[in-house]
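Just passing along the structure, written as structure tokens.
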Amino acid sequence: MADMVSTLNRPAVADREWIARAQDRCSTSRFLLWLTPWTLLLAAGLYAAYLCLRYGLHQTNMDNRFVFGLWIFLDLAIIALGAGAFFTGFLLYILRWKELKAVIATAVIVGFVCYSGAVLVLMVDVGQPVRAWFTFWHPNTHSMLTEVTFCISAYLVVLSIEYLPILLKNRKLRKVPSFLVFEFEMHKLMPVLAGVGAFLSFFHQGSLGGLFGVLRGQPFAFREGFGIWPTTFFLFILSAMAVGPVFVMLVTRLVEAVTSKRLVRPQVYQVLARTSGLLLTFYVLLKTIDTLVWLNSTSRQAGYRPWEYYAWEPFGTWILFAEIVLLGLLPALILLSPKWRARPGWMLAGALLACAGVVLNRFVLTIQTLALPTLPFEQFLTYMPNWQETATFLGVIAYGVIVYSLSYRYLSLFPQEKELAREGKEASHVS
Amino acid sequence: MFPNVDGFHWTFGHILFLSIFFAVLLTVGFTAATALARMMRNLRPKKVAEIRWHTEFEDLPASDRQCRHALTGAAPGRVCENGFECRHCADYPKFSGTAPEPQGRLYHRGHTWVERQPDGTFLVGLDELGEKLIGAGAQVELPAPGTRLASHDVAWRMGKPGNTVRLLAPVEGEVVETGSREKGWYLRVKPESPWPDLRHLLGGAAAAVWLDREMERVQALLAPAGMQPTLADGGVLVDDLPKAQPEADWHAIHGAMFLEP
Amino acid sequence: MNAETVERAPRRYGMVIDLDRCSGCGACMVACSAENNVPPAHPQATERTGITLLRVVQVKDAASRGVAFIPMMCQQCGDDTPCMTVCPQQAVEVDKLTGVVEQMPQRCLGCRYCMTACPFQARFFNWWDPEWPAGMETTLNPGAAPRMRGVVEKCDFCQSRMHAAEDKAAMEGSREFEYTPACVEACPTRAIVFGDLNDPESDVSRQARNSFRFLERLGTGPKVYYRSRRPWLRTLASRVGAPPKKENGNG
Amino acid sequence: MLAAGWLLFPALLYTSTPQPAQFSHQAHGEAAGLTCDTCHGFTAEGRFAGIPTTESCAGCHSGLLGETESEKHFFANFVEPGREVNWLIYSRQPDNVRFSHARHVQVGKMECAECHGPHGESESLKAFERNRISGYSRDIWGPRMLRVGLKPGQGMKMDDCMACHRDRQVEAGCLGCHR
Amino acid sequence: MTGTRRNLLAFGGGAAAAVAFTPIPWKLLDDVSIWTQNWSWIPPVPRGEITVKHSACTMCGAGCGVQAHCVGGQPFGLAPVAGHPLSHGGLCALAYGAHQMPYHARRLRKGLSRGAEVAPDVALAHAVEILRDARDARRVVAVLDERPGRMVSAMYARLLGGLPGSVYLTPPAPERATAGILSGWAGRPAGFDFEKARTILSIGTPLLDGFGAAGALLALWANREDRVRFLHAEPRQSHTAALADRWIAIRPGSEAAFALGLAGVLVRDGLAKAPAPYGAFSLEEAARRTGLRPDTILAVAHELAGRGPALVIGGGDPVSGPLPRDAEQSIAALNVLLGSEAVCPRHPLPFERPATPLLDVPDGTISVLIADAASNGCALPEAVLRRKLANNAQIIRLSAFQTTAARRADVVVPVAAPSEALEEVTAPACNARAAWGLAPPLVERPEGVYTVPEVVARLAEGCQMPAPGSIDEASEAIQALGRGSTFEFGDASIWTDSEDSGQLEFAALPEIRLEEPSLADGFPLTLMPAGWRGAAAAIPLPPLTTKLYQESELRPGAREARVHPATARDLGLARQSRATAETPYGSAAVSLRFDESVPPGVVEVAAHEDDAARVFALCGDTCWRSAPARLRRS
């Protein structure tokens, strides 16, 4: 019986070999139980993607006006949230913020999951995925999408190279000498990769924003800019950098909640929150200026009367207020002031609001731009995604959760986990 | 992308964009290549062992990495950053003063000991605490005579199926003879130089303090959460701990005690 | 053997559509679909997912109870053509010789970014594979290749007819040729005039002088001009974006 | 793997089927003194007639002129029953390509050999190799996998056309060659 | 064990790396991309000789000239014929899809006997048998011909000659209405000469949207400058109302009142050239019924009288049916009052036989009906036809397509689709000059499918009657006339008659009785079937016309109901997209659209192809033009 008890809340023997000794993980059966809902979601997503690839994109609710729908919105949102990878890497390896060493591994995995998820959805969303290499063979360097394609694929390569050492630190894989040495050497070269990752991400986060800023035909999205980049280019970078660390913090807090373990020291959260707060304030400031310039001069020159953008039913002026003030300024203030940041409840709320603000910004630029009529005789149209689109969307999220759960279980993502566990034991002695 | 492809025109935009993109690809490729090249260079067994020990040492929590001088009170609370390699530690002389070369059994932090023999070879064995931790009936995989060992390298493996522990070699040299648990020693090692530098091993007083500390650590690990730290009651450990307390997480305890994260 | 490479002066094809003559009969829409091998609608196709390279739109003016029909097709924008600058793999090119914005379904990825860029909603995506009832594929126009699903297509001023005219002119060894697109030939009221805007004598250039263009202020330089004696049409065309109705949309 | 890639793969990629009937350009060219455009002519509005029909062959071949085996086979299977020869055309381009022989030959004054290579002097018709995936003849991609140093007539892909257009500075937009 | 496995992995890795240096991945990538450009399920483009053939469009009866660009003999695109006497170089939307009709998804290549598929000759034998029984039992046989005045119509008439009590019918058509009544009154065929007219008033009929030779009229309208003024009176702001110089928005169902009001003004101000019909209205009475201001009616009347030769054209709508009898007669009467030279006599074609309008036949009299395949683009609801048939009546239908009408017929004989057989072409009934021509086939018929003359010949032979003759008799008869002029277009030819110099004298105008519109209680709205020429005709629409109604909002599509936003708001349906339309005769689910051009109080339900039967059922079997209705949230 004793043996039974011990295996109940500990991984099975075969499974144990893969898990580092210091980390106590739940039993294999409980882990599989945790994975099943997500695998089902992933299966549904794959089936929906199969339908779209096999029969064509009429399976979705998109049409000739709403050519970008739920999927492109998903791409923009998760790539913005996945910016934690490049920014945390940049802070840690380039600016030497040592505290972030605790979250760098989870940040890289969150980034990898977001980027690979986005690329997977793009492969389903594009009409002829087999011809994707044409963008590399006949690049149109004036197009923002070429820039996005180049940088996303390059950064995905960089991310997978950054993911490799974390993978190779797995207890069983480390037994292979070549893996061990390769991981050791890679670790030393990480700053170079972090720098390249930051450079690539700087461009493609920006060009994702530039995608909409250059649309001369859509006054709602068109922005003047510096040189060849519209202002949305810089706003997207800023908002991504602002939201990246906070999203990593949210993910880590979520993992702590799910596994009911303390994985990271509180100061790390404070550092992440403070950086995000700082950048968010800067972003909100620039965003307000840009909106004012856009409303008063850019769209006026294009002939679109500014108040007509928000004169249509669902998208009233509340959406502008929500994006800038409610989900922009408020979280910035919360994350900036140490007093609010100290209380975990408020810090999380601030983080959530910040993420929601950036996601809303992506939604507005994708969906509202297409909803507004440009020709005088067109109408304001609405769009609802159907089950195929939502299933693929949830499938990607399930894919992310599965990859993260596997990484959390078999790779040691949190260096401070052991110490915190030991301190936890002593603390429980004291308390 | 390439010049001969139709539609390629040497505009400034093209050149700038493609050159930057190729530069990025080159740097990424170059980093991966240097990592691979260095890997090839370091694949020699001696280097692998060193790297293995170094990475494993990195993963140990700070509390397991106490410097030997912290044990003896010379430098309280000091955490070793050097993988217990006192020979290369710059401020070793600062703390240790000119203590005489300790005699008799010298202990490696991984609970293996070494004893010089009159004929110049060294006997290597597992200390009493280690034997108790692994318990009776554990299989032992000893390296064949003639294999070369580096210090801190994996000397031999012991343990029950599914929970084998690797024991670290306290000294460099060539295995001459293999012993067994009954003999009280496991390996006879012929060192490269007759008088190797053994400063990285604990001996004499430091070893005693270290053994007591390890005893407390084992009790702390074995005690279920919420137990009060009792005073040292001088009790003697049971011979086969895993049999005595099967419900303990031996996987983790062995990891902690034998410095294997 | 190096053929003489005398360059013909590049043409800028354009159209002038007289909105007072357009009767909204839709003959141009059907003729255009027949010419470009556009398949009949898929049963589930709607006005938002169908392919009508030339779309006749009925507009009403509440004040004067006036009604007008506006044929809207690709305007072959000349100044930094929105769809060309955004296409990631150069599937869209402005032809230097004819000024027509060429859309290459063979290279198109189907990313549909050009469709967000086009303010005239003149680009259509093949949501379905083209299907013709049995036997109807014998009525396909040999001058145009049917497009596969997953690519964008648009009006290209009937290149199939231009090619035919080019071949006929080549028989006499000359590079000069004239041709009329399908919609111009099909219009019973001759509302559409087609020609080379670079040639000042052509009637398209003459009529283009006192006519207006849609979304002119966006600066994309469309090459399809519209004419009307009704002032409300001219003001409608000068607007960008539709006036919000009290309660919007149709039901 | 390299060997498989360079040798085995091309063999697997192409199926080769013999032509339904044999034809010697050489015999018709020198012996009968015919030029290309006698059989491969143009119509009034510039449409290239392509491969001659059986009855235009029957014009000269009303009876057996020579005694070669292939002519008897052609005569028995096609001329008498009046059946069209289902030739496998080496240079058949996809539907979306528009190659105007009229502009290239009449206006551009080009020779057939510049694109079709020595096909005009061929003794017999080589087997038609079809690409299993794209369905097009191997003569378009060219004999070698790497498409380097192709002589005229060995490749009819877009790059070959573009190279020739670039040499002659003849601007042809996308819709110049596509439809 | 691990040693070998690791070597295996190492070898695999090495091989994978080496593949990159072989052409395999790159060539596969290129070939697969080319494969996506030439999918096998995308039909290849036909290759061959490009030729031009001339023919005529036979989608409706207007006989517009058409030149077909063909590849290898197969037409791939139609174009108008400049200088054609009937179409004047214009075509309507239906024509440009006509070359695809032979391959329509609903093409019928086999016979149908009570809905079951049978071989064509079995179906024909079954038809002959029905006809023979009817002849023996001396039951009334009728032929329904949507395009009377052809040689085939004469052949039908000869076939009926041998059957006692048989009758040769034609369904209502806008072109034949007013011209038909005027011919009746004048005792000789009369027609309108649009070139001569300087003011054209159309009441309730879409003159500029598919009337007669649509292309010709539109060309006339486009090049009118100030020579011709088009006035249009209709409750709805239809296409014609939009294009007309002046749109007079009369209340639904008040066409007769408007015409009689105009007549009243003409007589009162002494502008009339003939005695007024009994019951002409005073101005106030007309204004009350039509909902117009009295001075509007005054202005229109003076304009008609004052501005040169005027024409007043009625005839109703090809989809929502003819106007009631009194309206038609009052409109025709206006022409008599105006006495304009634009209404002129017309030489009848030598083989022309008078056809009895379907609506004049007493109910329940016909026991065997032979329905001809030709279509004039107008709707003929099932209920209207069934009312004329006896209860055990049998229908023999000649049809090239599977329509609802074909499914309900007892026997369907498969005949040639448009452009599959040599067909006759006649001028629209309202033309001032008759015309006759031949439209050679563009595509050869599938085997087993008959032409109409063949069927008539076999029917005659089956009933041991004299052969009904053949089409080329007509050309001889026309040669015999020795007048008019012939136009040759390729191998299609068309002959137009010369002017008939005679004068039209009209006998006294008949008494026009006007019924009071009865408003059923509980049904506040008026339901009007809406559509456009060919939308609900005997033959389906060409496949490519889906661009007009399904893939764009230019034309109303199936299940679509339009209602004025104000009416919708009053009924609380402002935000609804789905509703149910109910009338005393039935109900139907519709998708609502709000349209200011629809008059308040009217709901227009689109009658479209197969769905039309459902909509006409809503109007009951009286005159299907409108029905009292109400709209309910569904």
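Note that the chains are named A, B, C, D and E in the order they appear, and that numbering of residues resets to 1 at the start of each chain.
One rule holds for everything that comes next: a residue touches a chain if its C-beta (ideal position, glycine included) is under 8 Å from a C-beta of that chain, and two chains touch if they have at least 3 such contacts.
As the structure is a prediction and not an experimental result, all values here were calculated from the model.
Q: Could you work out which chain's C-alpha centre is the most distant one from the centre of chain A?
A: For chain A, the chain whose C-alpha mean is farthest off is E.
Q: Taking the mean of each chain's Cα atoms, which chain ends up nearest the overall Cα mean?
A: Smallest centre-to-centre distance to the global C-alpha mean: chain C.
Q: Is the C-beta contact count larger for A-C or for A-B?
A: Higher contact count goes to A-C.
Q: Can you tell me which chain lies farthest from chain C, using the average of the Cα atoms as each chain's centre?
A: Centroid comparison gives B as the farthest chain from chain C.
Q: How far is the middle of chain A from the middle of chain B, if each middle is the mean of its Cα atoms, in Å?
A: Chain centres of chain A and chain B, defined by C-alpha means, are spaced 38 Å apart.
Q: On a C-alpha centroid basis, what's the spacing between chain A and chain E, in Å?
A: 60
Q: In whole angstrom, what separates the CA-based centres of chain D and chain E?
A: Centre-to-centre distance between chain D and chain E: 51 Å.
Q: Which whole number of Å gives the spacing of the CA centres of chain C and chain E?
A: Result: the chain centres lie 30 Å from each other.
Q: Check each residue of chain C and list the ones that touch at least two other chains.
A: Chain C, residues with two or more chain partners: 46, 50, 57, 90, 93, 105-106, 129, 144-146, 148, 164, 247, 250.
Q: Provide the list of chain A residues touching at least two other chains, using ranges where the numbers run on.
A: Residues 128, 131, 134, 137-139, 142, 146 of chain A each touch two or more of the other chains.
Q: Hunt down the residues of chain D that sit against at least two other chains at once, touch-wise.
A: Counting only residues that touch two or more other chains, chain D contributes 45, 47, 94-96.
Q: Which bits of chain A are touching chain E when the two form their complex?
A: Per the touch definition, chain A meets chain E at residues 128, 130-131, 133-134, 176.
Q: Quick one: which bits of chain B touch chain A in the complex? Just the residue numbers, please.
A: 1, 5-7, 11, 13-14, 16-18, 21, 24-25, 27-28, 31-32, 34-36, 38-39, 42-43, 47-48, 51-52, 54-55, 59, 61-63, 162-163, 220, 225-229, 246-247, 249, 251-252, 254-256, 260-261
Q: Applying the document's contact rule, which stretches of chain D touch chain C when the two form their complex?
A: 42, 44-47, 94-96, 98, 100, 102-103, 106-111, 114, 168-171, 173-176, 178-179
Q: How about chain D: which of its residues touch chain E in the complex?
A: Residues in contact with chain E: 1-2, 4-6, 9-10, 13, 43, 45, 47, 94-96, 131, 133-136, 145-146.
Q: Under the stated contact criterion, what part of chain E meets chain D in this complex?
A: Interface residues on the chain E side: 15, 18-19, 21-24, 27-28, 31-32, 34-35, 37-38, 40, 44-45, 49-50.
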